[in-house]
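In what follows, structures are represented as structure tokens.
Shared chain: subunit A. Partners: subunit B in the first complex, subunit C in the second.
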Partner chain A sequence: MADIVLFVVFPYAAVIVAVVMSVYRYLDQRFTYSSLSSQLLENGMLSWASVAWHYSIVVILLAHLLAALFPGVWAALLGGGARLALIEATGMGLGLIAVLSMALFIWRRLANRRVRAVTSWGDWVLLVALLAQVVMGFIVAFAYRWGGMWYLHTAAPWLESLVRLDPQIAAVTPLPWLVKLHFLGGFVLVALIPFTRLVHIVTIPIAYLWRPYRIVIWNRRRA
Partner chain B sequence: MKIQAQVSMVFHLDKCIGCHTCSVACKNIWTDREGAEYMWWNNVETKPGTGYPTQWEDQEQYKGGWEKKSGKLNLKMNGRLGALGNIFFNPRLPSMDDYYEPWTYEYNTLTNAPEGDDQPTARPISMVTGEPIDIQAGPNWDDDLSGSEVYAANDPNLEGMSDEDRRMMFEIERLVFFYLPRICNHCLNAGCAAACPSGAIYKRGEDGIVLVNQDKCRGWRMCVTGCPYKKVYYNWSTGKSEKCILCYPRLETGQAPACFHSCVGRIRYLGVLLYDADRIDEAVAVEDADLVEAQRAIIQDPFDPAVIAAAKANGVPDAMIDAAQKSPVYKFVKEWGLALPLHPEFRTLPMLFYVPPMLPIQALVTEHGVGQAHDESGAAPFFAALEQARLPLRYMARLFSAGNEDEVAAVYRKLIAVRVYRRAQNTTGALDDEARAALDGAGLTAEVAQAIFELTAKPTFDKRFVVPPLAREVNIESMVDPFTHKTEAGFGFRRDAKRGG
Partner chain C sequence: MLIRWLTATLLVTGLLLLGTAYWVQAAPPGQSAEEGEALFQQYCAGCHTVGGGDLSGPDLLGVADRRDRDWLEHWLAEPDTMIAEGDPIALQLLAQYNNVPMPNQHLSLSEIDALLAYLGAPESAHPAEPAQGAALAGNAEAGKDLFTGAQAFANGGTACIACHDTAALGAPGGGLLGPDLTQAAQRYGGEAGLTGVLGTIAFPSMVPIYQNRPLAPQEQVDLAAFLASSAGEAAPSRGVRHATLYLLAFGAMDVFLVGLFIWHRRLPRAGRRLSARR
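For the complex of A and B:
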């Protein structure tokens, strides 16, 4: 029963909250729809933390997504032993970078007076949640070797069943508690998106690549 | 020909006394808020000097504006990919220390401190952290410190000058300096707008004012880098970029912007320019030396029937054309060629123009004592002084004509000729030979010289500020009935610019 709540009810609830509240925040509080940058106030530590964090976490997230969305492709990518080892090692390296940069993020907000002054409770909740998630992810990758492989038989079918609206949790219930916690942590973060600065994930300004450099807006449509 | 109207500005630097009244007027109206304390949408710098933020003119450091590379114009911050690639961390963003950390004083302790042996003091308190602060710098820390080894010697405009030149410049600076008031230039080819990943920065079609849509801005901060003048500021409290709005709420009610209105030296002129928007790309692509002329070329004659017809076809209202015909800015910039853009080499087509100051030119002459120059030949002594003053000319050319000394020299010849002409008028009441020679040398007629004198020395309020009727009621009528709107407008429902995470 507990497993149903945790691995069926909770993921659905998290996604619904994320979507509904993100739309609501966009309509109601568009002004706040971004991450509150503190680079102006401190840019030394941030240059190390932010670049390392974003590039490592983006690659790690894409790998998680790719394996869940296209398990066939992912399996083919892993292929033989050498490639599997390479991908696992890369993943663990990036995971370590993510852990260290998140730790630096937190240290920066504690140590710099100016940045501390603009840090909200939501920021602390998010920072702790993110640190916990990447630490768990790193330990899981380290302790339960070849996660790239077993992900395909555990998380991937579970996530796919959730998307198909036919939840099957048999693949995830027998997993170690730390792995389960990492799964749940992912959905906690999804639920946090509309309530924290994580909302900036959905504002990626990709249209910048093709919009014109000059924008002229008329108050009144011209005759 | 696509004619658009631009509310433009001229600052007459000879008249600036560096009192910062403009800055304070602006500060009181717009930036006296949390997150905006460090911003000075209008600031006044001492030149030569390092400015605010420190060394903002050094684009090797800040990567602002445009760059012409192998014939193609691109943002100096490596274009679109540069902006998106650095979206997680903008390596060219000035930090608060490049501006200054704003502070106030603990005034309350002066009256509330408990009785003790010592006088209570009002310690400086950071307006960011609320904690005591050791003040390091301020927005005009080098005020009047021209001739300083710390500030003036680090002016980026001295780059490329030999040590000997710098030494001579230093000697001049000990005698004379000038002030450079700066606001947003409301550029035609704005670097901030081009750099904005969210597309939140736009130019208003009616009047050319450049604004940041606060609801669209996502705080990526690329505009701060993209603007070579560093006139877009990041509000650390709201997470949005802000900039000079040319007091458009005042303009829309027929008033001059606060910094213009409050100007003690009456150095500021405001008026409409009509320009050909189709030729912007052409004007920003020319060689450095031709930039000033190219910019003048796209500014169109508001009396030309073809221009008027094109303007009307493009939806420029009659009242705007009328304002353009009365514009003092048009006279200074195009008709007389006296006002030059600041750092045209940034290629943003800034629409704030400066009449360069006479002082440094004459200061070289004062090596032989303060006063009027005496030339051996006797004829047109002021011009001779100008020819000797290559060094300050080079400096002024770095500021106002992308290094083209001919442009600056032409302006000075006119300014000098007007003075010689007026001296003749005042002393003899007639046009003597010297005055005639000066006018001829500058390419002016007595009538034009008189007109320059009138608009420079004794213009009335209405001559200086020709504010076009930017009637809000006309602008909104396509969206809402103005009479209905009138009963609904007012304070309305307002939300604080507050945010959580």
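For the complex of A and C:
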């Protein structure tokens, strides 16, 4: 029963909340539909944390997504000793980069008074949730290796069954609690999207890739 | 008007829910020996035969006469609890069969009734069916490729390496979600026993994966041969396995960190050029 609530009811609730409230926020407070950047307040630490975080987390999320969408290709890719270890180690390395950069994000908001002044409770919740999720992700990957492979027949069919509206949880219930917590953490983050600056992930700024560059020029020396 | 609509909707949904619950509860009880035979093939045949001799578990021919029904019902329902509570027969069986405990298959009461009907029926004393794998020869090399996923299973099951380790693999080895299989051949009655176990995979966490993706007979014997090749060796050291992976993971992190530093050192220089031009 608890498993039904955690792995069927909660994911659906999280997705519905995310969709409905994101639409509502778009209609009601469209101006807040952004990452609410604090780059102008502090850019030194941010550029280290932000670049490292975004490149690593995008690759990691893509791996989670592509493995669920094309399990056959993924299984063929990981099949056979050396390639498996290489790809898994790459993922774990990126995971560690994500952990480090998220820690730096948090340190920056604690240490810099100007940034701390504009930090809301929602920001703290989000930062801690993201740090917890990437730390758990790394531990799961390391302690229960080879997640890249067992994901294909545990989480992937579960997610697919949720999408098909025919929830099947038999494949995820026997997993260790830390793995389950990581699954749930994913849906907690989905539910946080409309309430935090995480909403900027649906503003996917891919136009950056081809728009002309801009140069910021200051008229006076910065303090 | 609105209130009447709401009440009606609630009533209908409530009735629907109740109806579904009743329909699910009232599934016909399966007690026939035929259903029992199907259940036996699904859950038990990996380790047991009826009249075909011992595998990793005892031959169950005449078991309904050997033990009383209450004990059998209890044993089928929760063998793990009975062993934990120190039931004398359970402990004796455990010791007799190489300390391989019977897994709890979470059978329902009606499934247990059906199984007992099958085991108690005289016609269930089938002559020993030759084990499927007996005619096939296992190839340890092919088994290794199946284990590591270099060769995919015909029916699409997960490669064993995802969750299992064995000394027959080099570092960093196999997965850790499931038990180490270095001594699987000893535990499950040699290659023949292993082939049986792999033929009807009954371990609860594996059932959802392999139920609809059974291993082909040739795959079973190849894997059994591969697993038997490490018999007698010690299980690989967890420490060495972890250390190897630790080096790989942190090595990858270092590569990315170096990349990040290179990327960052370029940025300020470009910035300096721009400001100098100004």
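Definition applied: the second predicted complex is superposed on the first by the 204 of 223 C-alpha atoms of A that agree within 3 Å, B and C clash if a C-alpha of one lies under 4 Å from a C-alpha of the other, contacts with A are read in each partner's own complex, and residues count from 1 in each chain.
Keep this in mind: a residue touches a chain if its C-beta (ideal position, glycine included) is under 8 Å from a C-beta of that chain, and two chains touch if they have at least 3 such contacts.
Model, not experiment: these values are computed from the prediction.
By the touch criterion defined above, A:A207 lies against subunit B but remains apart from subunit C after alignment on the C-alpha atoms of chain A. Judged by the touch definition given at the top, the superposed model places A:V51 against both subunit B and subunit C. By the touch criterion defined above, A:A2 lies against neither subunit B nor subunit C after alignment on the C-alpha atoms of chain A.
Here subunit B and subunit C are compared by how many residues of subunit A each touches, and B touches more.
In the superposition on chain A, A:I217 makes contact with both subunit B and subunit C.
Judged by the touch definition given at the top, the superposed model places A:S34 against subunit B, while subunit C stays out of reach. Contacts of A:L165 after superposition on the shared chain: neither subunit B nor subunit C is touched.
In the superposed model, A:G93 makes contact with subunit C only, not with subunit B. Residues 47, 51, 215, 217 of subunit A touch subunit B in one complex and subunit C in the other. By the touch criterion given at the top, residues 29-43, 46-47, 50-51, 53-55, 113-114, 116-118, 120, 122-123, 126, 195-200, 203, 205, 207-209, 211, 213-223 of subunit A touch subunit B in their complex. Subunit C contributes residues 145, 148-152, 156-159, 161-163, 169-170, 172, 174-177, 204-205, 207-209, 245-246, 248-257, 260, 263-264, 267, 274, 278 to its touches with subunit A in the complex. Interface residues of subunit A facing subunit C in the complex, by the touch rule stated above, are 47-48, 51-52, 56, 72, 75-76, 78-81, 84-86, 88-90, 92-97, 142-146, 149-150, 152-154, 168, 170-171, 174-176, 215, 217. Looking at the complex, you find that subunit B touches subunit A at residues 4, 80, 83-84, 87-91, 93-96, 101, 126, 128-131, 189-190, 193-194, 196-199, 201-206, 214-221, 234, 236-240, 277, 280, 314-315, 474-478, 495, 497, 499-501.
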